[in-house]
Amino acid sequence: MLIIMKTDAKPEEVDQVIDRIASVGLGAHLSQGEERVVIGAIGEGKVALQYQDLFIRMPGVDRIVPISRPYKLASREFSPQDTVFPLDGVSIGGQGIVIIAGPCSVESRNQTLEIAQAVKEAGAHALRGGAYKPRTSPYSFQGLGEVALEVLAEVREITGLPVVTEVMAPEQVPLVAHYADVLQIGARNMQNFTLLHAAGESQKPVLLKRGISATIEELLMAAEYILSHGNRRVILCERGIRTFETSTRNTTDINAIPVLKSLSHLPVILDPSHSTGHWQYVTAIARAAIAAGADGLIVEVHHNPEQALSDGAQSLKPERFAELVAQIKAIAQAIGRDLATPQTSATQIQIPLSQRVE
Amino acid sequence: MLIIMKTDAKPEEVDQVIDRIASVGLGAHLSQGEERVVIGAIGEGKVALQYQDLFIRMPGVDRIVPISRPYKLASREFSPQDTVFPLDGVSIGGQGIVIIAGPCSVESRNQTLEIAQAVKEAGAHALRGGAYKPRTSPYSFQGLGEVALEVLAEVREITGLPVVTEVMAPEQVPLVAHYADVLQIGARNMQNFTLLHAAGESQKPVLLKRGISATIEELLMAAEYILSHGNRRVILCERGIRTFETSTRNTTDINAIPVLKSLSHLPVILDPSHSTGHWQYVTAIARAAIAAGADGLIVEVHHNPEQALSDGAQSLKPERFAELVAQIKAIAQAIGRDLATPQTSATQIQIPLSQRVE
Amino acid sequence: MLIIMKTDAKPEEVDQVIDRIASVGLGAHLSQGEERVVIGAIGEGKVALQYQDLFIRMPGVDRIVPISRPYKLASREFSPQDTVFPLDGVSIGGQGIVIIAGPCSVESRNQTLEIAQAVKEAGAHALRGGAYKPRTSPYSFQGLGEVALEVLAEVREITGLPVVTEVMAPEQVPLVAHYADVLQIGARNMQNFTLLHAAGESQKPVLLKRGISATIEELLMAAEYILSHGNRRVILCERGIRTFETSTRNTTDINAIPVLKSLSHLPVILDPSHSTGHWQYVTAIARAAIAAGADGLIVEVHHNPEQALSDGAQSLKPERFAELVAQIKAIAQAIGRDLATPQTSATQIQIPLSQRVE
Amino acid sequence: MLIIMKTDAKPEEVDQVIDRIASVGLGAHLSQGEERVVIGAIGEGKVALQYQDLFIRMPGVDRIVPISRPYKLASREFSPQDTVFPLDGVSIGGQGIVIIAGPCSVESRNQTLEIAQAVKEAGAHALRGGAYKPRTSPYSFQGLGEVALEVLAEVREITGLPVVTEVMAPEQVPLVAHYADVLQIGARNMQNFTLLHAAGESQKPVLLKRGISATIEELLMAAEYILSHGNRRVILCERGIRTFETSTRNTTDINAIPVLKSLSHLPVILDPSHSTGHWQYVTAIARAAIAAGADGLIVEVHHNPEQALSDGAQSLKPERFAELVAQIKAIAQAIGRDLATPQTSATQIQIPLSQRVE
C-alpha cells in the first residue's frame, strides 16, 4: 500500500508513519516529491487490508492507495488458465456456450415439466427454477420450498437436464444441495456472508449472481469467500445493476463481461431476463452478452407468461426461446465458438489446484 | 391498479383485459382518452401486487401503474400517530433524541467497557458494538461472536446502557436476542428475507438499516416483513446510499429523513459514521440529521481509532463525541425537541394495535 | 394525464380538480376505486406537460401520472418506419452497419491524415476528430479550433471520408457546419438547449451523444429539440452512463440499444471507446453493440496512442481497429446485416415528412 | 503521479517508463515492492494531468495514481482563509447565512414584484428569478428573456434586493451581467466550458450549480475554469444529484457541504427546492444544510404555486417561507452563526490575491 502524506505534513509525522510500518513487520520506502512525501509499505499481501485503517488516522496522512488486489483465488494472476468444469454432460467455461433456461418459479409439476421439455428441445443445457423465492413484498408468492425441489429432481430424471436453483439461507444448503446440481446465490444475498461460507463448504458448483449495486471487485470478493472455503466451482453471473435509468428494470453492465474475463479465470454468464426486465429486449441482450465474450446465459422461459406467478413480464415463450438459441448459435460461431455439446472426455476439466493463500 | 393500453390497442384487446379483471374478482372501470384507453382495476388492495403480472403481457397493454402503496403496516395511513417505544430507560420515536454510540466491533472487554463508560458520560443512551461482522473480504476480522455478546452483556450490567448489536443469520436470532436489547439488521442483509422473518418473530426491537442501494419503498417493504410477523418495534436507519460520488464512503440521503417520517409512523435514525466514512464529517452530518427531523443517531466511537480492528477512519474519539452530543442538544432545542431523558411513566408508549392485514 | 387523489381526499377537492381540468379546456373522467378516486384529464397531447404543475399542488391530489410520451417527432409512433439518410456515400439507419473512426483530437495534419488513411483502409465509412475539445480541466489541451477544421476538410479531400466533429457553442455552428459533414453534440452538451436549437436550424446531420446521466427519455427529448427546429437527420449515440462501478470509465448501457430502436425511428450507434475507457474492452463492446441491434459505431483510433494528447488509454491502434472491423462484419452477418457499402440509388433515403406538431 | 507496474512487468519495461519520465522533464523515483514496482514521477504540478496519458499505454504499466489535486485556485491549500465577498449589502461566505429566494421563472412584473416584496419582508437577502429557462422539453415555457431581465432590474430598484438570474449561453453573458447582480450557471451547464470561460471574464459574481451527476471534484474543476479566467467571486451550490431513488426529484448530497468547505475556500450554499422537488421537504432540508455548515440557501417561492409556469410542486408559499427563515435563524444561532445582516465596513471582504498558477 502507498501512504500519501499531506502537503504540509511535518518530518516527525513522516517518521511516525515509518515507525508504525516497521512495527507491523512491513518495510517502508520513502519517496520525496516536490509537493509531498509518499511512503510505500512493502510486504503487504492480503494482510494490507487490515493495516490500512492503522495509518489513515495518523497525523499528516492524506490518504491510502492500495496496490494489491483484495482477492487472490478468484484472480487471473492466481490462475492464468480459465477454470472449466462439467455441468452434468457439458463443460462450462470452455469454448462451448452453455444455456440455462426455465421458469422463474416452480409452480407445479406439470408446468415445470412442460417448460423443461420445451427448453431442452430448443437446445438448453440446464434447467433453472425457483423453489425458494426472495420477494420484496411479504405478501407475494414465496415459492413452494421442498415440494418444488422434489419436482425439480423428478423433472431432471425425465429430461436429463441438470438443475440450477436458489438457496436463500445457510441452513438450507444441505437440503438444496441434495436435490440440485448447481446452487444459485441470488443478487440480494451476494453479501450474505454466512450463506457464502456455507456454499463454500458444499461440494456443488455455485452460480453467484452479482448484487444489484455490487462493484465488480465486490463480486470477486464474494466469489473469494466461496473459493476460500474450499469450493472451486463458481460461476459468476452479471444480472444488471441499479442505476438512474428507469426504462428497463436494471441496467445490463455489459462491460462486466470482458472485465470479469480479464480479472478472473472463472466462467462468466449473463441473465438477460433480470438485466432488462422486459421480454422484448431479452434476445438482443443475450446476443450482446455472447458477442462480448460471455460463457453462457441464464434465461427465464414460461409457456404461459401471462399466468406466471412471478416475473411474467420478462419471461420468453418457448418458441421465442428457440429463436434465441438459434441466434446465439450464429453469434457464437461468428466469434469462433459454438453452443456447448456433451463431452465424453474428462480432459477438458481445468480447476486451479486447491492451494490456499498463506 | 391502472392498465394503460397502447395507442393502437384493438377493441377486442380492451375487452380481453376487462374479462381478465373480472375473472380475478376485481371491478373494471374504462376511461377513453383521445389517444388511448386506460382501465382501472378496482378492489385491489394488497393483492394487486400479484395481479400486475397477469396483465402486463396481454396484447394491447402498454404498462401498469400501481395506485396503492405495497406496504400497509409500515405506512402512515395505517397509523397516523408516531410509533413510540422504550429502549430501556428512554423512549424512541417521541420528542427526545436518542443517541446510540460505541465501537464498530467488540475487540475486548476492556476496550468495550472503556468506550461504553466514555459515551455514557458524554450523554449516549445506548451502546452499539459488533459481535458478528459482515466483512467484504474473507480475510478481514470477522468479529468475536458469542464471546463479544457476553462482553456486551457484562458492560450493560456495569454501565446500565442497553445494547444494540447486529445479527447476521436467522439461526443466530435466539442467541443474539438473549444477550441484546435491540437486534440490528445490517445494510447488506436488508433483503435477507429469512432473517427478516426470524427477527419478526423475536420479541426484541429491531434496528433496520437501509440497504446500500435500496429505495425508500424497499426499506419500508423490509420493515413490513418484520411487522407482518408480529414484531411492531422497528427503528428505520438511513446509513448512506451508493452513488457515483467517491469523495465520501457513501452519500447520506438526508431527504430520506423527512420522506420516511411522512410515509411511515416508525422512528427514524441516521448513522453518520457509515453515511460519510470520514470522522471529520460525522458531526456536521449528525447535526443535519437532527435538523432534518431524525429521532436519533447511531455513531461509531473508539478511544483509539488508529488501532481499531474495523472502521477506524470513521470513528470519533470520545472527546469529539462529547462535542457532538452538545451540538446535537443545541440543534434539538432549536427545533423544539431535546435529548431524550429517562422516562418514569409508561404512558408515552404508542404502538399500533396488532391488527393484521386481511 | 391521470390525477390520483389521496385516500382521504374530500368530495369538494375532487370537484375542484374537475373544475380546473375544464378550465384549461380538457375533459375530465372520474374513476371511483375502493381506496381513492382517479381522474383522467382527456385531450392533453403535448400540452399536458405544462398542465401537470397546475394540479400537483391542489388540495387532495396525491400524484400525477403522465400517459402520453413527452416527445413526438422522435417517437416510433410518429414514424413507424426507420429513418435512413446518407452520410456521404453510405446510408445510416438502414441494413448496413456504419463505422466512424479517427483520433480523439486533431493534433496535426500528418497525424490526422495518417490515421484517416489507416481507418479508411480498414473499412471505416467516416472520420471522427475533435477540433474543439470539452475538457474537465482548464489546464488540459483544448483543441486546435479552426485550424483543426481546415485539416479535417483537407483530409476529407484526400481520403474521401466524410467528417464528424464536435460543436460546443451555438455561435460555432455555422463555422463547424461549413467544414464538417456531421455535427457532433457531446455528452456534456446534451442539454445545452441553445446549442440544440442552433443545430436544429442547421442543414447538417447531427450526431447526438447521450449525457452521462441522461435518461433515455431525456435523450429523446434532446433529439426532439433538434427535430422540432426543422432538422430531421439526427443520429442517437449511446456512450456510457455514470454509475457506481469504477472498473471502467463509464457503464455501457447496452439495454439502450434495443430500447431506443423500439421507442424511436432514428439511427442508433454506440461509442465503445468512451463507454469503456480502456482499449482492451473496446472490441468486445463494439461486437456487443452490433449484436444488440446498433446501426453503427464511433471508435477512437490513434496510430500512436501513447503520445496522444487526449484519450490515449481508450484509443485503438490501426491494426487492432482492422481486427475490430473484421469481427463486426462477422457479427453483422450473423444477424442478417452487413457493413454498409456505398449507395448509388437514392431510393433508400427515408425521412419522416417535415410535418410539425400543432 | 505514481505509475504502478504490473506484477509481471519486465525490467526493460520499468526502464522505458523511467526514460519517458525523464524525457518530459520530470524526476523518477523507483520503489521496489515484493509484488511489483511503483514509480513516482516527481515535479508534476498541474502539468501531470496531461502526462498521465503518456504512461498508461506503456508496456508493463498497470495503472496511474494521481497525487496532486487537479484544481489549484479553488483549493483550500491555495487559500486557507474563506473567501468572503459582498452580495449587495450583505457578505457571503462569512458568519452570516445568506438566503436567496424568489420564483422559478419571471412570469410578469406584478408576479415578480409581489413575490420579491414577500420574501424581502420574510428576511431574504437576494431575489432569484429565471429569465432564460433550460427546459427538458422544447414545448415547455422557455422564459421571457430580456423582458424578464428588465422586470428583475425594476424590482431590484423598488425592493433593494440584489438579483440572481441564470445565463445559458456565452453570448448572453454581457446582457445578463448588465441587469443582474449574480450570474447563475445552471446544473445542465456546469460543464459548458465556453460558458464558464465567458463567466470567468465577467466582473459579476457567479453562482455555480453542481451538475446532476457531477462529482465534487468536477464541480471544483468547473469553478477552476471561472477562477482561472480572472473572476474570483464564485459561489458553489449543491442542488441534488441523480441516484436510483425516485421518491424525491433528486438526492440532496448533504455530505457535499462539509466536503466542499474542507476542500475549498469558496462559499457554499444549498438549493433545497431542486434537491428535493417537493415543497413539503424543503424546510427540513434547508435546516439540515445550515446545520451541516452551508453559508446560505437559494429557495423557490411563489405566491400562487398552483398557477406557476414552472416548478410549482417545489415552490414554497410566502407564509411558509417566512417560517423557514425563522427556523434557519434558530439553527444558525444554535451553531454560533446568524442570518446575514447588512455590512457597513468593507473590512470583511476576503478574496485570495489574483496570483495565477504558473
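Letters A, B, C and D name the chains as they come in the text, with residue numbers starting at 1 for each one.
As a working rule, contacts are C-beta pairs under 8 Å (C-beta built on N, C-alpha and C of every residue); 3 or more make two chains touch, one makes a residue touch a chain.
Computed from a predicted model, the values in this text were never measured in an experiment.
Asker: As a multiple of 5 degrees, what angle does the CA superposition of chain A onto its copy chain B give?
Answerer: 180
Asker: Greatest Cα-centroid separation from chain B: which chain?
Answerer: Ranked by distance of C-alpha centres from chain B, the top chain is C.
Asker: Whole-Å distance, chain A centre to chain B centre, using C-alpha means?
Answerer: 28
Asker: Please compute the C-alpha centroid of chain A, do the same for chain C, then give the distance between them in whole Å.
Answerer: Centre-to-centre distance between chain A and chain C: 32 Å.
Asker: Measure off the straight-line distance from the CA centroid of chain A to the CA centroid of chain D, and report it in whole Å.
Answerer: Spacing between the chain centres: roughly 40 Å.
Asker: Send over the residues of chain B in touch with two or more other chains.
Answerer: 213, 242-244, 246, in rising order.
Asker: Taking the complex as given, what residues does chain D use to touch chain C?
Answerer: Counting only chain D, the residues touching chain C are 46-47, 49-50, 53-58, 70-71, 134-142, 168-171, 188-189, 191-195, 212-213, 218, 221, 224-225, 228-229, 242, 279, 305-313, 357.
Asker: Looking at the complex, which residues from chain D come into contact with chain B?
Answerer: So the residues of chain D touching chain B come out as 213, 215-217, 241, 243-248, 251-259, 262-263, 275-276, 280-281, 284-285, 287-293, 327, 330-331, 333-335.
Asker: Report the residues of chain D in contact with chain A in the complex, numbered from low to high.
Answerer: 2, 4, 7, 29, 31-36, 38, 40, 42-45, 65, 67-68, 77, 213, 242-244, 246
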